[in-house]
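Following this message is one structure expressed as structure tokens.
Chain naming follows the written order as A, B and C, and within any one chain the residues start at number 1.
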Amino acid sequence: MNYARAVAAIIWKDLRLEWRTGEAVLTPALLAVLLLLVIVFALPPAVARMEGVFTASLWTAVFFAGTVGLGRSFARERAEGRLWALLLAPVDRSAVFLAKGLAAFLFLGLVAVVTMPAFFAVFGQPLGAPLWRWVATVGLVLLAYSGVGTLVSAIAAQLRAGEVLYPVLLFPLLVPVVLAAIHLTDGLLETGGWSTARAWLQLLVLYNLLFWGVPYLIFEYVVEV
Amino acid sequence: MTVPTSRPSNAAAWLLAIAAPAVVFAMYMALIWAPDERTLGTVQRIFYIHVGSAWNAYLAFLIVFVASIAYLLRRRAALDAVAASAAEMGILFTTLTLATGTFWARSVWNVWWTWDPRLTTTLIMWFMYIAYLLVRAAAEGEERRGRLAAVFGIVAFATVPLVHFSAIWWRGMHPNIVQLGPTPRMNMDPEMVVTMLVAVAALTLLHGALLACRLNLEQLARRAAALRERVRLEVDS
Amino acid sequence: MQLHLRAVTRRVDGRRLLDGVTLAVEPGRTLLVCGPNGAGKSTLLKVIAGLLPPTGGEILYDGRSATRWGPGLRRNLGVLLHETLLYDELTVLDNLLFAGRLFGVADARRRAEALVDEVGLRLVAREPAGRLSRGMKQRLALARALLHRPRVLLLDEPYAGLDARWSGWLTERLAAERARGATVVLVAHEWRTAWPVADQAAVLVRGRLACLVDAARWDAERFGAEYAHWVAPAGGTHVAVVAGQDAAPGKGSGR
């Protein structure tokens, strides 16, 4: 199907570009680890062992470092009219959103793979739950993040000083995801499962439906260049 | 080159004429007529403005949402003007809600801020409105500005219910609380209910009046911009 | 593919970038669009390509409105813009491969390799596109436009940055495309270079079609004289009715 092939082509292109520039995985991952250091320096050791501090630090680092790569998603298509090249593709424009969103998800996943073990190690935090639950939870959170992040990136790329504005536009919308991430991971650490945080899981699923469904439907309006 | 010719409407003047006495009347009821609350005393009266502001803050956001959808479908500049004006009204009432909430918290619990779910949601909404206005400020060209702001307005509003529930569950509060105010212990005499409704109505009228005034301003600003553009083109050629 | 524009208008923020442009290009024919800076030539091309929506009028391909065709229509369009549309960090070959995959070209790799050779970029095929000279980038961009064998070519200043040898190549290539039955719309500020390949020539002034002529019946000198007249600052926006000119269906809509 042409649509699927176009989506695959754009993802392939972004992967290729990432291999050359490292701006969506390498830089954010480094930033996240640096943030980890800052947090470790900033917190007194007794505080670091307190309940909830680990997840708060972890997600603060991931969400902030993530904006660096996510914001670039559409910003890099600004130069040389590259977005037009994507818009010329003989498929519905929602394909551009899907491709960019999925690529972002992939990149964020890689950032998490690097960052999270570092956090666990430095804080001396045991896993507390089977790995598959962690993967599923973090995956759902990052999926939501990449959905809303890609949409806002497409908007910000058309604004003056868009890359600077990007976090300011993104974070108010991201609040439910941040809260869900913290509660779900706290639940995993304490109980090893989702029993205490079912509602948050539902919220996250709803959020994903919203921020993948709506952009899919209205992306044509977003990039009407 | 066409210049928008719609004249500033008189609706603003009429609405102001109705709203002003309504607000005065509501204040009379809230500050004098309504009975003192049993446990909290006079301070509780802030509640009337607080509820009225909160209601209008959400209403304004809803207007932004509807106008944004309509703009994307119809592309009429007037709809974009409505969205922009409503957003400013939203910031106004959101700020008022936050401020009255702060006074309440200080008076009743002796803290400057409380993470009550509705206040929390209102705070996030405040940031969303600001972001909306930033999008408008940073977009170049009327078409782009209207379009991008509309998209942002739509997704921002759609997020509000999620933010609301997040805020409720965040502090472990039971979602079944009847939301009549931050203090579940408060008893509502029928006179207080009436006062509250009057306050809400008066503030809504005020909202409408201010919105109309702001719309007038917006229309005038667009006319001025169009005229400036026309002069520039004449000078160019 | 037959391309037909009917009273196409584009207004942005109250300004008319395009105003009632009507013209038709038959398959196998080449239309040259020229005019002064800011006339709307690039805008016209982008509107035809579907990158900018027209605020009025319609664009018909083979008699069917572009909106009714849907996104699949773009499979038939090969576009060259002022901007290169290239990814500086990707290699020459990767840029072409990407274009091929994006357009669903079945033999994308084979086509990419063939075009790399045709535009003489074999030696730099694995270099990042950002390192190419202006002329090389132009050739790569042209290769990109031709990759998926489009039936309609929309080219904005295709000769820009090309030296004599490659200009010659382009002229031959365009002739080959004509022979193939492709429809070509070519925007050129410096119209003389493109005159040999043109079947029709249109002059766009301030968004309006000042004239549309059959290039076969005019020579370059005569067109040049008329061109200077049409783009003159004073009274240059009226429609010129000149004997022997070939009118597009529905033309005469000027003010």
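Everything that follows uses one rule, which is that contacts are C-beta pairs under 8 Å (C-beta built on N, C-alpha and C of every residue); 3 or more make two chains touch, one makes a residue touch a chain.
Since we're looking at a predicted model, the values are computed, not measured.
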Chain occupying the middle, per Cα centroid: A
Longest centre-to-centre distance from chain C, chain (CA-based): B
Pair of chains joined by more contacts [C-beta pairs], B-C or A-C: A-C
Chain A-chain B separation of Cα centroids, rounded to whole Å: 31
Rounded Å distance between chain A and chain C, as computed from the means of their C-alpha atoms: 40
Distance between chain centroids, defined by C-alpha means - chain B, chain C (Å): 49
Chain A: positions in contact with at least two other chains: 224
Chain C residues touching chain A - in the complex, by the definition given at the top: 46, 49-53, 71-75, 77, 79, 81-90, 94, 98-99, 101-104, 128
Interface residues, chain B side, partner chain A - complex: 72, 124-125, 127-128, 130-131, 134-135, 138-140, 144, 147-148, 150-152, 154-156, 158-159, 162-163, 165-166, 169-170
Residues of chain B defined as touching chain C within the complex: 1-3, 141-143, 226, 229-230, 233, 237
Of chain C, residues touching chain B in the complex: 12-16, 206, 233
Residue ranges of chain A in contact with chain B within the complex: 148, 151, 155, 158-162, 165, 168-169, 171-173, 175-176, 179-180, 183, 199-200, 203, 206-207, 210-211, 214-215, 218, 221-222, 224
